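Look at the two complexes coming up: chain A is in both, with chain B in one and chain C in the other.
Let's look at the complex of A and B:
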């Protein structure tokens, strides 16, 4: 009992360690920032040289969401605040909250007051606030302190008359102030949104945050999931863990898995979420990560609400099943359910004159989704999956109805597929029933 | 109005004695050492290592400290000093260069704008001498030296008036973006006229001013008021009343204001002040044209002439001037590009140094390969900023990040971009999500790649919309949202030409 507890403890500790790591943006982006060519070093160089040379600068950080712009910025700011503790003050604004000029100036004034331990008056007018800001900039310039303005969601500040941007950037044109303006945005063309005179005052420096290459991704995963050898975990456990991890990472199936996952969103944020899920599936008894963990994570992340419906739908219909499997009312109800869940829709817009049975329908979910939904539903017979693998064309209603799990459908499906292979893209329900009953007889 | 340094001497004099005892050298690490404070000017001591006198003019340097071991500058000058090349590894030199090229450093003389400045100055002189009101409108693209010139004119008018024995005018210089309300400008003018008086509630400041200017005795004997209003187009309201009233102030019989308005649009006066023409008091217009290549070149050279060493190769400066003149004629951009070229050069040398320091550890057999590199490294001639650095800086400044981003997009996003390109080739400009999805599925089918489902398709579209590649409209039903492509087809084809699949796809 005691021994089992001991055996549990390292894996629990490992799990906690990994989960903490994956939730900590600092840790995630540090390995990617080590090379001198990285965005981290470039950003750090620009800001620190502005601080030391006492000149003004402005820079834009661009990249898709989840690529680590704010994380790297916070890393840089953290390092610089340690290096120059009294010299830098940071003002943070967010375009979603502060795009209105009044609001933004108030926020700037408030943050400046907090930084320099002054009292902030809530009734200060726009004029007062802007004069205060300019006066503070001048004071800090004389005292050789740099103010760093971080503008998140920069594209929202570029709406309207851009007065805040203009006054900030204009204040930086004078020798007396010492400020750095850092804009963070996910729009690549954000500087086209700026007015001519604001753009002229902006220094055109842009740092692009691109998703990492395949090799970098692999190295990153290895780094982040390997347990440190000198931690409090038992040494042989760590070694074993890391060895197994290495084997998984070099497995072809794993590589394919990752490639599929990253093929529509390859940012680091997306990858980290996946890794977090995978790590959470770590079996505490076994104590090591396995390929299965990753596969489960993948399927859980790609779960879609409509596929949930498919499964759920099946459980509803189990309760309706009668011995007469192909009962008409069951079929109809199944049909209506599918309509409701928007898995299918009518292919034509003719009125509701015709009875439901005779209208052509088409499947709203794609073949791949159907495939996945059926796969994740473990009791689905292989035959259905094989059928799906035949082609990529739009399936008619009945194939969706086969989720109803009526065994007698099997033989019917054969004939129906023959019909289908002739090129029809949808079938009216009546024809299906006809074909179906023909089979049964 | 941003306070440009109103010291009479050149701004570089300040930098002369800025050292305190210990200077950290720039030793090739990532973060430069903290420099000493500019305010220690008075307490400048001679340091055996540093070169405080370097930034003075060569003549002055000769007379002062003879034992300063200035980098790269030897002691035996003749009367006409030849400019040596700079040493970019020296932190102080680097800083001086960057400061010389910074936008906020006001040059002591404003070259290339003498004609425009003269015109404005003459106008002001006439107004001040005859105690007559008048208005003038300065227009031009951003970065053409308007505000800078107006500052100079302001100083020159005051100097001239004092010299001539006339009453020098009061000056009200302001930026119209700092006004919360457009009509606040009148209260400001009023405040300058009558600083102690408080306004009574009934008359608006504008009305008050008009009354003031209409009667003789209220302002007799007071000075003329020179009003410099920067970014005048912020005063344009829907009924154009404020701008109109402002210019009308100069038409009153006893008006005392000389109005200089600065804005970007050339036809502001025509478009927004048509009534003034009938009263025959349209403002005089002085246009600041965009800088030509020669003007940019001469401005850059003038800025760099304060430094006692050669920083840029002549061809590099010419390339920069030509490119910027062709693009916009904006001086700020030219300065920015030059600074960035200097930084690229610095970074390259730093990397070279760190590579050398790495290889020097590795032993002798490598030293044969590094020997030529060492030679290049140590020779002074190659320390100027060359044309390739400038070309790199120009490409960084002028290139949009679109091509890089498209190349680094994940596969499905690229396929969606391709499908959009193919779809819009037929001449349509926008389509719905459903149609695009069909086009996308077709492409996927033809190449046996499993397409993603509709939900993921929508989220990809949203991601691409956030990045500015697509534009998604609003609609209740997801599938009927309108989609427009915001990137040029040529850019996409160029970006994806390296991958055969997309090349075939886009043919």
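Let's look at the complex of A and C:
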């Protein structure tokens, strides 16, 4: 194993290094946090001041997903734990896991026990746990130790009765305690969700995490993708790699690429994901990143899944060819395929009271998407496209699946179109028969 | 298709034999204890060329998956593999892991149909625990809530990774077939099923955020789904996994796939030339196509005495004409599971001489009912169908006491407009589907019909209908039959009428089935149906 490692291609090592970096949130957010007015410094100041001044505090970290709230928080906590080793203990809760109050208190009690080397009993009841928590708060307050509560996915805690939040914030006010409550959430209006009594006990401090500016983004990309010169990689390889990287980053096409991507998803998290994909396309033989890698990554991210399904949809409802009569169960099966692809869905939620034929369905894609999808399908006969140009729903074609033995399809379609123009979004399946019968009469 | 941990043969005492006193209890055999090697694919490793040739038409996807997984021991972002059903997602993923020989844990959301089973299955695999009768099929830890799962998963993954790290230094590990690397991958298959679970609003965001919650770069996540990523959009949002799309197969790919294991390639090529194009218009799914093709191919090669022969043009033409009438029927039957074997249809064919009668011969089988129902049940079904189909106002005219079905009362000649309106009303009624009816109406129609039937049968002098004795005895029998029809989903209990508060019923049988039933009773159903 050792021998094989030395023989490892430098490009493979570089790939490994880059991938590790991109998956490690601490590394990503450190450079962005260096400036004095960044969220990192503000957060650090708030927490350390409440530690040193022995007071209670609460703060909310808000921002879209991927903006680095938890990563920055972890950096701050890491630094503080080094600065004040015995004084701080951290309790971490996650709304996805612990939104139930019982569960949350149990988790708090468990983590407190682990921190202070106490034995935790699994059969402790809710009241026991809450009393334990309050007692611990008091003790730590008297001993001048701070407990930091990190509540991830804070909006989940704000559902329901908010018992946990209330008891926590109340304990902080009434008992001699030193605690900091940090809530992290993606919803920017999460403090509106709090009950009145909870909100009054909450200090309305909020830190907004916004996507970085363009220059910052560029600097960040360069920093994160450049290989370090003093690592175990061969020196000239590193230099060449970084030089090529610089050339790509300053290329106009690359800037355009990045701008397109960032216009949908501007957070750092998304950018990192994109870079990860681009890096994974690194051709090991060539050993250097190229513009093509980024282009491929962008195209794979931008895929529109429904459009791909529409090709399938088209191939399914090709069963209207005038020369073929398709039996009922074929059409029923085609209908089920469409359901599976989620191009249509049932409009009523009652479910299973009625057989499939009679439940209203609605089309889940817009007309424009349908048009685009059908256009991209090579074998689509021009007739369908013309029909769409008139602006009528193609949904009737789906429902005509239910009718077996359709002769004279074209005349049928024209007359259907006359009958139900610009239609309803609800169309029970058998409605097509109406148009058909009109045609016959 | 799902391979959890490779193939093992376990001898275990079944519960029956253990509890059966007549058989002396055998000594509990050694239960198989899974080890670290079971996390890898236990079969022979697959070379890269073999991997690509296994999956024609999928080389781009295989390469992309390999790239996203990356070299050994490099962390990865979660990946979502999606595509239509039976496009090879699961098999490609598993074979890629076989090729790379890395440890992975596979769980399918079809077999693990609620969160608890899913969590416990993953933990069992990570802790090398197999459910056996030794500890009455229990899992290694009881785990219902996501919070417990995260804690246990962390523990288990750490222990597995320590194991892997410890062994990776030794040379002997390579020889003993141990999987490579120090990362563990979790594969979640059939993720679209999670959307239908009760707790899907908490479980789905939990699964997608598992990467962030767990904060272990040595654990990689792969999700496989047959619906596209935008069906998973959730309120709270999450950092989406990297998508990997498996498009449907093109016709050429399908041809390659079907040709793959054929003995007589030329014969099969000519067969495919004939059938592939029409079938592809109906469906592109391999499972449906292969079912249809296997039976058709047997038919196709019927007239050939020698299966090894390579057909020339003349033979091809003959075979084609032999096969052609069957193609259309097979097309229409593509998705139907035949209750009667194809042989019966063939015997019908032999007795009839012309092509057209051959077709009708097949159809005749379908005119008969496939299952048995008692006569009173059949009548009940017909009355239910009529009750659902006809509006209640027509009952008086259709079922009057003289048994005259067609109303011959003279109507005023209606104007064009009112005829139009009537037609519209009829069509609206048809479109809404079968209507609801109360129990009393059903019983009234039933009595009318059976009294008619008794009259007609009395005329013929048959005494089959001895069941319908006195009308008193009829009632209790009918209610029993009604409940069994409800259980068989022929009649559905609909909503209750707000005024009366009694439950209403609705028929769920199609017109074809009702006609079949009526035909078996020789009941003139069409006369009673309200048609436009």
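Just so it is clear, the second predicted complex is superposed on the first by the 293 of 441 C-alpha atoms of A that agree within 3 Å, B and C clash if a C-alpha of one lies under 4 Å from a C-alpha of the other, contacts with A are read in each partner's own complex, and residues count from 1 in each chain.
Quick note on the criterion: contacts are C-beta pairs under 8 Å (C-beta built on N, C-alpha and C of every residue); 3 or more make two chains touch, one makes a residue touch a chain.
Everything numeric in this text was worked out from a predicted model, so none of it was measured.
*Asks:* Mind working out whether A:159 is in touch with chain B, chain C, both or neither, as first, second, both or neither?
*Replies:* In the superposition, A:159 touches no partner, neither chain B nor chain C.
*Asks:* Return first, second, both or neither, reflecting whether A:264 touches chain B, chain C, both chains, or no partner chain.
*Replies:* So A:264 only meets chain B here.
*Asks:* So in the superposed three-chain picture, is A:186 touching just chain B, just chain C, both, or none of them (first/second/both/neither)?
*Replies:* The answer is both, since A:186 touches chain B and chain C.
*Asks:* For A:203, is the partner it touches chain B (first), chain C (second), both, or none of the two (neither)?
*Replies:* The first partner, chain B, only.
*Asks:* In the overlay, answer first, second, both or neither for which of chain B and chain C A:26 touches.
*Replies:* A:26 contacts neither chain B nor chain C.
*Asks:* Check the residue A:250 against both partner chains and state whether it touches chain B (first), chain C (second), both, or neither.
*Replies:* neither
*Asks:* Have a look at where A:35 lands relative to chain B and chain C in the superposition and call it first, second, both or neither.
*Replies:* Touch partners of A:35: none, neither chain B nor chain C.
*Asks:* After superposition on the shared chain, which partner residues are touched by A:65: those of chain B (first), chain C (second), both, or neither?
*Replies:* both
*Asks:* Mind working out whether A:127 is in touch with chain B, chain C, both or neither, as first, second, both or neither?
*Replies:* It touches chain B, and chain C stays clear.
*Asks:* Do chain B and chain C touch any of the same residues on chain A, and if so, which?
*Replies:* The overlap between the chain B and chain C interfaces on chain A comprises residues 64-65, 186, 305-306.
*Asks:* Which residues of chain A touch chain B in their complex?
*Replies:* Against chain B, chain A makes touches at 36, 41, 44-45, 48-49, 51-56, 62-65, 83-84, 87, 125-127, 130, 138, 142, 144, 161, 163, 166-167, 170-176, 186-190, 196-197, 199-201, 203-206, 208, 210-211, 262-266, 304-306, 364-366, 368-369, 392.
*Asks:* What residues of chain C sit close enough to touch chain A in their complex?
*Replies:* Those residues of chain C that touch chain A are 64, 67-68, 70-71, 73-77, 82, 84-85, 145-147, 150, 168-169, 171, 202, 205-206, 209, 212-213, 217, 226-231, 236-240, 242-243, 245, 247-248, 278, 280-284, 288, 331-336, 427, 430-434, 492, 494-495, 506, 508, 510, 532.
*Asks:* Mind pulling up the chain B residues that touch chain A in the complex?
*Replies:* 2-5, 11, 30-35, 37-39, 95, 98-99, 102-106, 141-143, 175, 177-178, 180, 184, 231, 234, 264, 330, 332-333, 336, 340, 347, 351, 354, 396-397, 400-402, 404-405, 408-413, 441, 445, 450-456, 459-460, 463, 466-469, 486
*Asks:* Could you pull out which chain A residues touch chain C in their complex?
*Replies:* Checking each residue of chain A against chain C gives 1, 12, 15-16, 19-20, 23-24, 64-66, 70, 94, 96-99, 103, 107, 153, 155-156, 186, 269-270, 273, 276-277, 280-281, 300-301, 303, 305-306, 308-309, 311-312, 315-316, 318-319, 321, 324, 326-327, 329-330, 332-334, 337, 340-342, 353-355, 357-358, 428, 430-431, 433-434, 437.
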